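Multiple structures are listed underneath, in structure tokens.
Both complexes shown next keep chain A, but they swap its partner, so chain B is in the first and chain C is in the second.
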Partner chain A sequence: MGRKLLLEKAHVEGIRTYDVYRREGGYASVEKALKNMSPDQVTEEVKKSGLRGRGGAGFPTGMKWSFLAKPEGVPRYLVCNADESEPGTFKDRYLMEFIPHLLIEGLIVASYALGSSRTYIYIRGEYAWIPDILEQAIAEANANGWLGKNILGTGFDCQIYVQRGAGAYICGEETALIESLEGKRGNPRIKPPFPAVKGLWDCPTVVNNVETLAAVVPIINLGGEEYVKIGVGKSTGTKLISACGNINKPGVYEIDMTISVEEFIYSDEYCGGVPNGKKLKACIPGGSSVPILPANLLFKTAKGDTRMMNYESLSDGGFATGTMMGSGGFIVLDEDQCVVRHTLTLARFYRHESCGQCSPCREGTGWMEKILKNIEYGKGKMSDIDLLWDIQRKIEGNTICPLGDAAAWPVAAAIRHFRDEFEWHVLNPVESQQRNFGLAHYADPRPVPATA
Partner chain B sequence: MAEEKKLFKVTIDNITIDVEPGTSILNAARMIGGDVAPPAMCYYSKLKGSGGKCRTCLVEVAAGSTADPRPMPKLVASCRTNVMDGMVVKNITSERVIDARAGVVEFLLLNHPLDCPICDQAGECHLQDLGYDHGKEGTRYEFGRRTFHKHDLGPYIQLHMTRCILCYRCVFTADQLTNKRVHGVLDRGDHAEIATYIEKSLDNDFIGNVIDVCPVGALTDKTFRFKNRVWFLKPVDAHRDCPKCSGKVTLWNRGDEVYRVTARKDQWGEVEDWICNECRFDKKLTSDWVIEGPTKVSRQSVISQGHYVGVKRPKETLGEVLEGRKPRLLMDIHDVSEVNKPNIELSKIAGPAHSDDFSKK
Partner chain C sequence: MVFTEDKLKKVQEIIARYPDGKQKSALIPVLHLAQEEFGGWLSAEAMDYVASLLSIEPIEVYEVATFYSMYNLKPVGRYLFEVCQTGPCMLNGSDQIIDYIKEKLGIGVGETTSDGLFTLKTVECLGACGYAPMMQLGKHFREHLTREKVDQIIEECRSRATSMN
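Now for the complex of A and B:
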């Protein structure tokens, strides 16, 4: 059983309320940080912990904090990115719904480290009931002196505000989020300047994911050195994985990055295997944007090593034979699932969520969706598959924000690994409407290249 | 303080130039000029915050600077990336750029209606130029092109949303030139559109400039709509004393008739001086203006056809021949014939004349 840091107390009755949370040792990190540490020491501790952004990109959080410009007389802001809208990802929702005080606690410590006296939580519009939970937690923290003026007599002021989004996936991109928070249309900004220099209201800003900020609490409580010991290599600490799809036990799991993918899917502690004795066909381990992997590449890397649930091992082999940790939206597909249909679903999502600001993404996402629709419904041509490849290639890397890449990668990976299935759809237009391609060879062991 | 300013040395397509710090790659390339300057569909040097959206100006940065000569991994938007000392940029010498640009042109034309034959912008359309310079002759798109619900923007400006490439220039123009912006981008993604949402008309002063900044035929002059093709018109520079704007304009004439008034544009198709609505929409008589001379038109432009410099008008000789006498009416046919029914005044008939108007009875 892996070590739990975030969800350890998640099942204590009434943990959502302040009294229970405090009784279980809550807000200890605020006391420790504000009374015994300077803001720079907190940042240093986060740096030492090796914590990586849990929103998807995996950028070291301590480094991000140290990039924050600190000009005199200019306010700095911390913004919590709770606009969790990636299909397959629902870990932040769980955290905010059941242990809101953990996030508030992490936010206070992070605000102290960054010198932000006005901190925002930008929450996804569809999470309509969660702002109430958070605001109740904030009110309780205020009432007990953890927020407001002169917290714990240290002279540090901090207030947290909750802002609801209006239902746009793109507002999870940090600069679009800032635009939206300022009350504008949620279009991503062109970088540079980066938010660390010019963010919210042109002031230095740090935008962090909910889980990242919650992870600050155990880091301060344990100390950075202790936190590094959990996990492996550069994948330190624990990670929340929201597992869904064809598994027996969908849900949010906290892993310490030392278990293998196979174990995660089949052990009873986690996903509990694929239902109805079906075989596993493919998996997207990090939320809809990351490349899909067939079963044979999921459990073993191209080199023949066991693939583990951590940043390095999941991305082993690059995009050719690997994928990414992403935001931890673990989607499992069994042998009855159609990869073409699945790719179409994702393409439709990205077409719908593109902000329309830059041309490759605005036009390309819609084009890909239309072609995929043709292939899925038996009207495709062989050349369409190459055309799709060419379109995704021309979107990737040429857009303002990563949504273009996120739209291109799933299509690229599907064609890379499941080209047979696309071709089968084209060659068997009638049959493809009646049955699925099935598992085919996607779970067969791959030949491992001999090493000297 | 005669302190010498430090200039940045930047190499674009193997041509080195010294520019002031803070110059964008695009502007540095424009200083070199010619083919080195990347095309720009959304960037407008006179509009703050514009650029970065269309992605036609993508270039490859082969070396970031002298201090950090690593290449940039992605292509960058040259209009929004500033030069660094010792930067090496590849525009038309980079395969990647050519390939990406061809992709962007294809994307921009994907849903464009290609209704150039009936579009007022034809002949001065940046998307047409871009298509000719960087596009392929065919399209790989096999689906219906998108359409929009029509919006009426009032008496001055005609909106054709299907032609729009969402460059946001008109939004910046309205923000930065007029007292109040009433239009903007609604919706998102491929169904994003320019509109006013509550069907307001665009009639703030200086709003007419959105017509000039629009790179395509999405926003055109309603007072000029379908009146003439730009290449049949003769652009002349003219000015008038205008209390609101500089009054420096280009008149688009045919004979002595002023068909259209626009701001003067430079070689990059950008407006030199913004002009007010009165100059643009209301002053359409030659007598309103002081003519300065023919506008310089690029040799590449279709407008340069039929555009002759130094043409002299033939002398009117009738007055001389008649020695000052007015031509005299010899006979009014209606005095002697009823065949044309002079009792029916044509100007009083509503609509075109019909046989009912000339009934035998």
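Now for the complex of A and C:
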């Protein structure tokens, strides 16, 4: 059983309420930070912890904080990114629903470190019931002196507000999120200037993911050096993984990044294997935009090492034979799934979510969807596969924000690893409408366990 | 077309969350309020009203209302079924659920039943991938959908509508 830092108390009866949360040791990190540490010491501790952004990019959080400009007389803002929208990802929702005070606690400590007196939680509009839960927790924190004026007599003022979005994946990109919070369309901004210099209302701003901010709590409680010891290498601490697709036990799991991908899928502590005795075909381990891997490359890297559930091991081999940790949205495909159809749904998603600012993304995502639709419905040509490859290459790296890359990668990886399945669709336009391609040379390298 | 006193108070509360002069930030939350208040969709009149409340130009409201997928720019049925069809839901049979709802209600995607009760919409990933297939119905998610569950949900909506009339 791996160590849990975030969800350890998530199932304590009544943990959503302040009294129970406090009784279980909640808000200790606020006391420690505000009474015994300077804001810079808090940032230093987060740097030492090696915490990497949990939204998907994996950028070191302490470093991001240290970039925040601090001009005299200009307000600074902390914004919590709760616009969780990457297909396969539902971990932040879980954290906010079950243990909302953990996020509020982390936000107070982070606001203190950054000097933010007005802190916003930007939550995706579809999570329409969660703002009530968060606002309840904020009201309780206010009533107990953890928010408001002169918190714990330190002279630090802070208030947290919840802002609901209205349906736009792109608002998970930090500059689009800022635009949206200003009451505009979610069009990403050109960087530089970075939000750390010019963010919300042109003021210095830090945008961090929900899980990242929650992780600040154990970092302050344990100390950065202790946090580093949990995990491995540059994958420090714990990570929430939201597992879905064809598995026996979908849900949110906290892992300490020292377990193998194989154990994560087959162990009863986590996903519990593939249902109905079926074989594993492929997996997208970090949210829909990261490369899909066939089963053989999922369990072992190209060098033959066991692939582990951490940042370095998942990306071992680069995009040729590896993938990414991303947001931790872990999507499993069994032997009966069609990679072409699955890729089509993702292409449709990115076409739908493109903000339309940059032509490679606006046009390219639509073309990819159309071509994939033709292939999936038996109207594809062999040259379409190369055309798809060509389009995705022309999107990647040619857009203001990473949505272009996010749209290109799933298509590229599907062709890279499953080209024969695309070709089979083209060559068998009638048969491909009646059955799926199934497994091929990339079949599960493991026998199906007898009990599965 | 005006808000009730309660709603107007709520608008003032929202504006107070931002620094002075940044009331445009209230636009997205206030559009949610307007959609709730004015029959589940945003007419040009509703959008103009929101612009006047926030002292911004109507075009600033249209720009935003047309960008975000949760705002309905046409009337919708009393119960809006928003069924997710993205990868993880598709792996768990969302295509079959969408087909079943179409058959059961006798409407296509984007259409409303003749009694004005139901509208079917397909949406992209709502963050319930582990509890697929799913749909959003009002404020909440309905998860682990099966044909039986769809039947129950439709019944539930019908009886709620009857008791309200």
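Quick notes on this structure:
In this text, the second predicted complex is superposed on the first by the 443 of 452 C-alpha atoms of A that agree within 3 Å, B and C clash if a C-alpha of one lies under 4 Å from a C-alpha of the other, contacts with A are read in each partner's own complex, and residues count from 1 in each chain.
Note that a residue touches a chain if its C-beta (ideal position, glycine included) is under 8 Å from a C-beta of that chain, and two chains touch if they have at least 3 such contacts.
Just so we're clear, the structure is a prediction, and the values are computed from it rather than from any experiment.
By the document's definition of touching, of the two partners only chain C reaches A:E126; chain B does not.
A simple residue count on chain A separates chain B from chain C, and the partner touching more is C. Of the two partner chains, both chain B and chain C are touched by A:R185.
Touch criterion met: A:A168 reaches chain B and chain C at once. In the superposition on chain A, contact of A:P75 is made with chain C only, not with chain B. In the superposition on chain A, no contact is made by A:P429 with either chain B or chain C. In the superposed model, A:L346 makes contact with chain C only, not with chain B. Of the two partner chains placed by the overlay, only chain C lies in contact with A:S242; chain B stays clear of it.
Looking at the shared chain after the overlay, A:K370 reaches chain B, while chain C stays out of its contact range. In the superposition on chain A, the residues of chain A touched by chain B in one structure and by chain C in the other are 168, 185, 352-353, 355.
Residues 168, 170, 185, 190, 351-360, 362-367, 370, 387, 394, 397-400 of chain A touch chain B in their complex.
By the touch rule above, chain A contacts chain C in their complex via residues 75, 84-90, 93, 118, 120, 124-129, 161, 163-169, 180-186, 201, 242-246, 250-252, 284, 288, 329, 331, 333, 337, 341-342, 345-346, 348-349, 352-353, 355. The residues of chain C lying in touch with chain A in their complex are 17-19, 22, 24-29, 31-32, 54, 56, 60, 63-64, 67-71, 85-88, 90-92, 123-132, 136, 138-140. Residues 51-56, 58, 74-75, 77, 80, 99-100, 103-104, 106-108, 110-111, 140-141, 143, 165-166, 168, 184-185, 187-192 of chain B are the ones touching chain A in the complex.
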